[in-house]
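To start, I am sharing the structure in question, which I have written as structure tokens.
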Amino acid sequence: MSRIALSDLNAASLDDFVAVLENVVEYSPWIAQEAAARRPFAGINQLHAALMAAIQAAEPEVQLALIRAHPDLANKTQRAAGLTAESTGEQNSAGLDRLSEAEYSAFERVNGAYREKFGFPYIVCVRRHTKDSVLRDFETRLRNIAKTETRRAIEEIARIAALRLDQLVVADDKLKVHGRLSTHVLDNHVGKPGAGIAVELVELASLGESRVIARSVTNADGRTDQPLIGGRPLPIGRYELRFNVGKYYAERNVQLPDPPFLDEIPLRFAISEPEGHYHVPLLVTPWSYSTYRGS
Amino acid sequence: MSRIALSDLNAASLDDFVAVLENVVEYSPWIAQEAAARRPFAGINQLHAALMAAIQAAEPEVQLALIRAHPDLANKTQRAAGLTAESTGEQNSAGLDRLSEAEYSAFERVNGAYREKFGFPYIVCVRRHTKDSVLRDFETRLRNIAKTETRRAIEEIARIAALRLDQLVVADDKLKVHGRLSTHVLDNHVGKPGAGIAVELVELASLGESRVIARSVTNADGRTDQPLIGGRPLPIGRYELRFNVGKYYAERNVQLPDPPFLDEIPLRFAISEPEGHYHVPLLVTPWSYSTYRGS
Amino acid sequence: MSRIALSDLNAASLDDFVAVLENVVEYSPWIAQEAAARRPFAGINQLHAALMAAIQAAEPEVQLALIRAHPDLANKTQRAAGLTAESTGEQNSAGLDRLSEAEYSAFERVNGAYREKFGFPYIVCVRRHTKDSVLRDFETRLRNIAKTETRRAIEEIARIAALRLDQLVVADDKLKVHGRLSTHVLDNHVGKPGAGIAVELVELASLGESRVIARSVTNADGRTDQPLIGGRPLPIGRYELRFNVGKYYAERNVQLPDPPFLDEIPLRFAISEPEGHYHVPLLVTPWSYSTYRGS
Amino acid sequence: MSRIALSDLNAASLDDFVAVLENVVEYSPWIAQEAAARRPFAGINQLHAALMAAIQAAEPEVQLALIRAHPDLANKTQRAAGLTAESTGEQNSAGLDRLSEAEYSAFERVNGAYREKFGFPYIVCVRRHTKDSVLRDFETRLRNIAKTETRRAIEEIARIAALRLDQLVVADDKLKVHGRLSTHVLDNHVGKPGAGIAVELVELASLGESRVIARSVTNADGRTDQPLIGGRPLPIGRYELRFNVGKYYAERNVQLPDPPFLDEIPLRFAISEPEGHYHVPLLVTPWSYSTYRGS
């Protein structure tokens, strides 16, 4: 999809403006309509703020209708009937289109419990989550009172809207919606970057299977050419980086025992800030390693 | 089983001496008989050397008969028919009594290939191995020539004999047959030993299931009260130490994100020297960790 | 000086008991006399507590006289006139017999200021201090009110007495008066202890010269045969451990640049707990090193 | 001095070309003259190669005259009589204009010994050196035979010429004549960059005084805004980076002993590759630290 310049949006007719932004908040063109009156916007952050201000200014029952316009997460019947293209893509990003039966049941159970308690669907910005963290979030939020959850739902709608806006509109400023996960390997045995080391990033799952979500090989700088995750929020969750250092040292004719003391090294860590920069390096010799949260 | 003092063995009748030691080498009282003539022994290492010298001095066909007196590894039929108590205990120590069908098949296949190539059973000191490393050793040794394997078989018989002697005889000196695996946790966040941290030692398996082989909690010194493995050879193989540092820091009211950056920390390493001392410590903060091979 | 068994002290005549202990607190046999009535003592800690209880029970003017019976620190005139052997040894331990003119002046100034403010000499257990930390302590305590300093003086007298008792009396229990500073070198380049590495311990001084207070060479375990400081309190102060790793790696034919990236490695740290155990290790490769406070 | 574009040099008259480049090699316009014939140059590396080719092609006695045209290092008489501006600036960069009497004597002695042995002055690209490393280089090279030293002198002339060219001429490509020394601080106590930490870079001297050659404060990224050394060769020598972490942690209300275990942390290392990238980071908590050669 081609993106539109903010300046063009500022100059567009009301109808065109609304047509572009109507799904930034699910099924709610009225929000774009309200915001249009505040044009021109100096930047995309201002545009986002105007959309959010429209929601904040709405009557409670309108807010509630807005919340109710959202689909359930991982709901087979709703998916069959058709979601907005945006919702479908977002839910797939967290793997909600690849759920096992056990996982479907888990989601169905929490969706039901949530709807029963609050009378509206659980809303979460799924692109900021893994399956695991969505389920944990569900459980935490189920303990809240309704008022808190109305506020939380609108916060999540704001996050969803920010990500959709970022996809739609080009401006001089940026919405802070992306994170970055990177690594590098420093070979302290020779005092140089560890080049040519195979690296895997695994998303760990409590329920269901862990899965490899990125594979790379370190370059001459000991880094991967691309961030392991970049240009999107980092899904909250638990991860493992795996480095094949056994092969690396074997190829460099370092004298090693059989089997080598270190072979595949796993670094296990969690991401809690989807918009953060996480740098998780490996400092290594054939006999030692260390890691830390860098930035 | 009560152990006998070396001085008593030195003073025993020939018959008694042989009765005690006849199974130090599988079904081969003649070896004890030969060695008896060299009494008195100044130490257990000298006694072991005398037993081995008897084997070395034997004619090649006698050596071959000795090798053939040994059972196959993990052979159901032979186990049903009955092994020596010593063999049974040793094979069980490596988990050969807990094989899955797939593992039995793997062992049957390599046993068959080995017997076919060399005309005698594959002998290995199983107490120095995990299932994984036995299978790797099999494959390596299958590539040897017969002469090499005869020599290797006798080396392994010497190791088995040393471990059996160590169980049977008390002397002032010690056979070097035991290794030690230990850990400790240093909490660099507060500059103190990490006390009260749950630790698991997992034996990793390529074929079949990895399994927890030790569980402990660090004491006030950040160490485990007992070595994770001690008083026996360290089985060659791949391991993972897992430390529950998330719970540790949460209980100490350290400000942590949700989920915490570090929760369960796995340290993955291999043991290649069964008689070695491996110290695998964890230096940790809520944001970093390191390990190294200590001793 | 030969030490006396606590059991003998328990059985001694009053005169003998007092004769042995009269200088445990400077020039104050009355304290031993009071304590004698509480015999027998189950341990040396109980004996020490009895001596201290005698001081606590004394009238304020008696306590003040006791404090006044102590000499000034580093006072030339008093030294010339003669101190107790105990005081002389203690003051020398902190280097107070090796003061430069500038240092003498510094001590004279603070001694004068302290006496003028409080009307009694500044008392400190010098064996727990370096020259630097004595001067810092002086400055801190000069800001106190007289009541606080009376209490502090008696605390220091208790510490001095504990150290003197420890020298004089043998018992089953120990007074907690000794600390220990140790190190070890782990060579992560080869996964073994760093053996044969020259180590120096330097006491850093703000005023005057830093000086080497221990020299050693690491043994096969990468440790020094003796603790760097042991069997005495660790003087509060700033230190540097210096390891000659350039020579160590050069002798092991590791390929190094000229000059090597790492040659003499200084680890700089401070000791604040004289009775603590400080373990300050060096984990090293030719390209990296780390240290931490261990115990 | 304004720099000239390579394209302009390519288009210049022979006289102008020579006028610009005549001192790239000390007092030797004939070299520029020879090189001019090879115009146009595609890049500055090609220009440098042409100048060096002219030297290589010259007769031995011409080469010797070229070598002899160079001044002695740190020679008071020659300095008084006047060196080229280039030589003066270069010698000053290594501190040769700030020599103590003892250092002058040391240089005079080695200069004399060198001239006596070889009949020509010792030539070195001083911008790649500290005083210490010049004296070490002197001693190493004094042991060579004359033929080796003629070759070494021309190598050093090539390095001096490269640095002078880099100052004079702007081109699309770059001569590899600059190095970079950088640092950063990672605070593993809080999992964030260590911001606001005072850092000093000290050049260590064997003879004479060590001196602070850069001071900085870490920024929000835990880095210094500028490299500690950049835009020039890194002088071969021994250095110490000093980080004031005691103040940093004290200001963050971390509970610390008095004195703090770590206060000023020195990282001591040597530079051997003037054109290299050295990254010397500090990973730190109030109780531990580590460093490594990064890049």
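Per-chain residue numbering starts at 1, and chain names A, B, C and D are given in the order in which the chains are listed.
In this text, a contact is a pair of C-beta atoms (placed from the backbone, for glycine too) under 8 Å apart; a residue touches a chain by one contact, two chains touch by 3 or more.
Computed from a predicted model, the values in this text were never measured in an experiment.
For the interfaces C-D and A-C, the C-beta contact count is higher for C-D. Distance from the centre of chain A peaks at C, each centre being the average of the chain's Cα atoms.
For this pair, chain C with chain D, the centres built from the Cα atoms lie 47 Å apart.
The centroid of the Cα atoms in chain A and the matching centroid in chain C are 57 Å apart. Within chain C, residues 188, 191, 261, 283, 287-288, 290, 292-293 each touch two or more of the remaining chains. Interface of chain C with chain A (complex): residues 188-191, 261, 283, 285-288, 290. Those residues of chain B lying in contact with chain C across their complex are 186, 188, 191-193, 221, 283, 290, 292-295.
Residues of chain D that touch chain C in their complex: 133, 136, 236-238, 257-266, 268-270, 272-273, 283, 287-293.
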